[in-house]
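Before any comments, here is the structure.
Letters are used for the chains, namely A, B and C, taken in the order the chains are written, and counting of residues starts over at 1 for each.
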Amino acid sequence: MTDKTEGGDVRLSGISKHYGTFTAVHPLDLTVPQGSFFALLGASGCGKTTTLRMIAGLEEPSTGTVHLGDREVTHLPPYKRPVNTVFQSYALFPHLSIFENIAFGLRRRGIKSVKKQVEEMLELVQLGQFAQRKPHQLSGGQQQRVAVARALINHPQVLLLDEPLGALDLKLRRQMQLELKRIQTEVGITFVHVTHDQEEAMTMADTVAVMNGGRVEQLGAPAELYENPRTTFVANFLGTSNLIEASVESAGSDVVVSASGTTLRLPATRCSTTPRAGGKLLVGVRPEKVSLVPAEEENAIAAGRNKITGRIAASSFIGVSTQFVVDSPVCAELEVYVQNIERDARLVPGAEVVLHWNPEHTFGLDAAQDMEAGIETVEESA
Amino acid sequence: MRTPLTWLRRNLVVIAGLGTLAYMILPNVVVTVFSFNNPSGRFNYAWQEFSLDAWKDPCGVADMCGSLGLSLQIALWSTLAATALGTAIAFALVRYRFRARGAVNSLIFLPMAMPEIVMAASLLALFLNMGIQLGFWTILIAHIMFCLSFVVAAVKARVLSMDPRLEEAARDLYAGPVQTFLRVTLPIAAPGIAAGALLSFALSFDDFIITNFNSGNTVTFPMFVWGSAQRGTPVQINVIGTAMFVIAVLVVLAGQMVGNRRKKAQPK
Amino acid sequence: MTATAAPPQAPAPAGPPVHKPSVRKRLVPYWLLLPGILWLLVFFVLPMVYQASTSVQTGSLEEGFEVTWHFRTYWDALTEYLPQFLRSLLYAGTATALCLLLGYPLAYLIAFKAGRWRGLLLVLVIAPFFTSFLIRTLAWKTILADGGPVVGALNAVGFLDVTSWLGMTEGDRVLATPLAVVCGLTYNFLPFMILPLYSSLERIDTRLHEAAGDLYARPATVFRKVTFPLSMPGVVSGTLLTFIPASGDYVNAELLGSTDTRMIGNVIQSQYLRILDYPTAAALSFILMAIVLIMVTIYIRRAGTEDLV
């Protein structure tokens, strides 16, 4: 089925999907390079699963084309595509044994002697002794591995994973993330992974496409997305961001902004829009980049750092770090994560404090966006 | 304090429930006991003396076993037809979006929400007006008609609870439409189809009212019993009734036992 | 990076053509529906039309019938057979109430208290189905026979005094009285009440009982406030499955009753099959259908459960 000598890129050109008047996916161009681990990340209803299903052939795109390598597959039914899917909640055939589930694809393609291949596959996912069981006799994690094995045995050009870990508990999920990553490295097949869990996407994928409202908001390596979000949605959906609405004082290679009398700086290269003096800018900083000192130690802060004064509203101790919420005239509810190296007994709710951070760690976003985008929609990851 | 009264109050549900069960089983007991009767007159309503005559010669009454065979034949054919037609409708209703869904749903529901006699009478009106000879075929047509809705309801319930992703998974794993249906859809929907078929068989085999109107001179087993209630009830009727009861209970119990054993055999 | 997101505002003007699902695919559901729906149209709907036309015909068997739009048949039929209509509704209603009263404890017992006996009890509820209901109904002739032990016992505890005061029995007899007919109807349709009740009771999470008990509800209150409301779907479909067939039944009235207990089903049956007055018979069965449909609709509306099928 697979011909690895051909270019195995998945190429989507202008594909979109409408259901009546509702647009699930806006026209979208996307290329997934062969052999990569690609994640489509977004909240439920953002179009990520629809995009995946269009690659699988389970949904016909309203417009546009899908290419696998040089071959156009837009109108091929799923059973004629060299693409296999690991379904959400697995969709294992309840009436067939684990062995027959895994052999299903081979048998449909008319392969007679499947025993050896299936046994090898069972070994790969470490389920050798379960071959004759029925799916409902396995645990969630085992079922998940069967679903992966059932798809991989066909050596697809692309493996599609639709929230494959969504039904597992947190600990098992972490374990399966590493397992999937191992399998992907071992077999070298392109993985396209749909998830709403930003941590999962960042842990596993080489490239992440963040989707929102049927569009790709931003696409890149996990670290790049995290450090340089280009929209408020990405800033809020991936991790947490403190966003401060500020007006631009001057815009050179260093941008100077002010908010409620406090002056902040950031490099122009870290702005996703071109700031103009007199205009507005959303200034952002990640909570773990910020340091926190009691107000009386303000003088000890090195020159050139961005500083904000405020008062601790709440603090919660979570082991590796302490998370503070600081109220400040500049911005209500600034979040700060402080590593628990030496705990300062003065940092308690009600204390006056100064927040400071390296201007290099500041990013600027277009102020014409919803500051709250991506916050409410984040689902619990547990 | 445990007085008889509190005991009674605690077990009221059990006592009432078992009382109802007794009420439901009593006629079967009577049918069984009177299959060993040797009645004095034509009617087998009063106990005379113990006899095995009827059991030794179950087909000793003219036409009875013939009518039984006819009923089985009609039940078999109407089950086959109603199951095939009803399963197709159930799949269309669950798996596809189309115009007139509401109308189709109502059309399926109406035969179940109507006194049987209304359908029986209107079918007779059709056959009379069209000048169709009443008999085997009119009975079969009528039975397929009223069994159809029950099959749709049974299969629909099963298909509704079936994960549509299973079929997608089959298609994703190189099974074409026919293969997907044969290898995945049909095996998973089978219990619902079987339930619908069993119900059809029971309904058709035991149907009286619609058959009464549309059978002409053809005599099914319920028609035979009805007629004998006027002319005289042979003991053999009770023999057949008892045998049917025993066979049914044994089959169901065996089925349950197999099911239980299978459940126990599954390690987890 | 080889990937780019399309500019969001691009509406793909002269872009790729819009794909539509093929005509063949869209016709699939209609092909699936066709045979069964055709069957129902020809043998369920069309007969109704024929019956409607029959009901407004006049004539006689010898001269043939003709459509004369004689709607008076309806009025005449209704007034002439009003007692039988009322009797049918009364008997069917009483039998339905009795089925609910008798069936609920048994359904409850099977759902919550039966433990490992559950399977056996369910079999015993269903098993009578497999013996022809006519044979079983005839057995009631033996059970309720004059001077038999059952009638004797009912007489001894004064039950027959109560029923004869209610007008349901006469003297020492049960057979050939309204009580016998109602008893037969109740017996015949009990499984249709118990099975839906059981299936809706069985779905109730028993922890709800515990939660209600934890929140200071006494057992009777738990039943009234939690169990019974949650079993409403079963109550509604059970009463419908009992009342609808019972209202059109004529078997019990014929086998266990007398000429004084004739129900509307008996009238329709004899008009169609013996007297051969087709217009009156057709009108009667339409009136019965209308009454049942109206009552069922009102009942479903008031019970608030419309998803019965």
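Convention: a residue touches a chain if its C-beta (ideal position, glycine included) is under 8 Å from a C-beta of that chain, and two chains touch if they have at least 3 such contacts.
Chain identities (UniProt): A = Spermidine/putrescine import ATP-binding protein PotA; B, C = ABC transporter permease.
Here the structure is a predicted model, which means the values were calculated and not measured.
Participant: Can you tell me which chain pair comes out on top for contact count?
Facilitator: Summing C-beta contacts for every pairing gives the maximum at B-C.
Participant: Looking at CA centres, what chain is most distant from chain B (ABC transporter permease)?
Facilitator: A
Participant: Taking each chain's centre as its mean C-alpha position, how far apart are chain A and chain C (ABC transporter permease) in Å?
Facilitator: 56
Participant: Roughly how far is chain B (ABC transporter permease) from chain C (ABC transporter permease), centre to centre by C-alpha average, rounded to an integer in Å?
Facilitator: Using C-alpha averages as centres, the distance is 16 Å.
Participant: Would you please write down the residue numbers of chain A that are in contact with two or more other chains?
Facilitator: Answer for chain A, listing residues that touch two or more other chains: there are none.
Participant: How about chain B (ABC transporter permease): which of its residues touch chain A in the complex?
Facilitator: 163, 165-166, 168-176, 179-180, 183-184, 187-188, 266-268
Participant: Chain B (ABC transporter permease) touches which residues of chain A in the complex?
Facilitator: Residues of chain A touching chain B (ABC transporter permease): 56-58, 77-80, 83-85, 87-89, 91-95, 104-105, 108-109, 134, 137, 150-151, 154.
Participant: How about chain B (ABC transporter permease): which of its residues touch chain C (ABC transporter permease) in the complex?
Facilitator: Answer in residue numbers: 12-14, 16-21, 23-28, 30-31, 34, 45-46, 85-86, 88-89, 91-92, 95-96, 98, 104-105, 107-119, 121-126, 128-129, 141-142, 144-145, 148, 152-153, 156, 202, 205-206, 208-209, 212-213, 221-222, 225-226, 229, 233, 237-238, 240-242, 244-245, 247-249, 252-253, 256, 260.
Participant: Mind pulling up the chain C (ABC transporter permease) residues that touch chain B (ABC transporter permease) in the complex?
Facilitator: 28-30, 32-33, 35-37, 39-41, 43-48, 50-51, 53-54, 102-103, 105-110, 113, 119-121, 123-143, 145, 187, 190-191, 194, 240, 244-245, 247-251, 255, 265, 268-269, 272-273, 278, 281-282, 285-286, 288-289, 292-293, 296, 308-309
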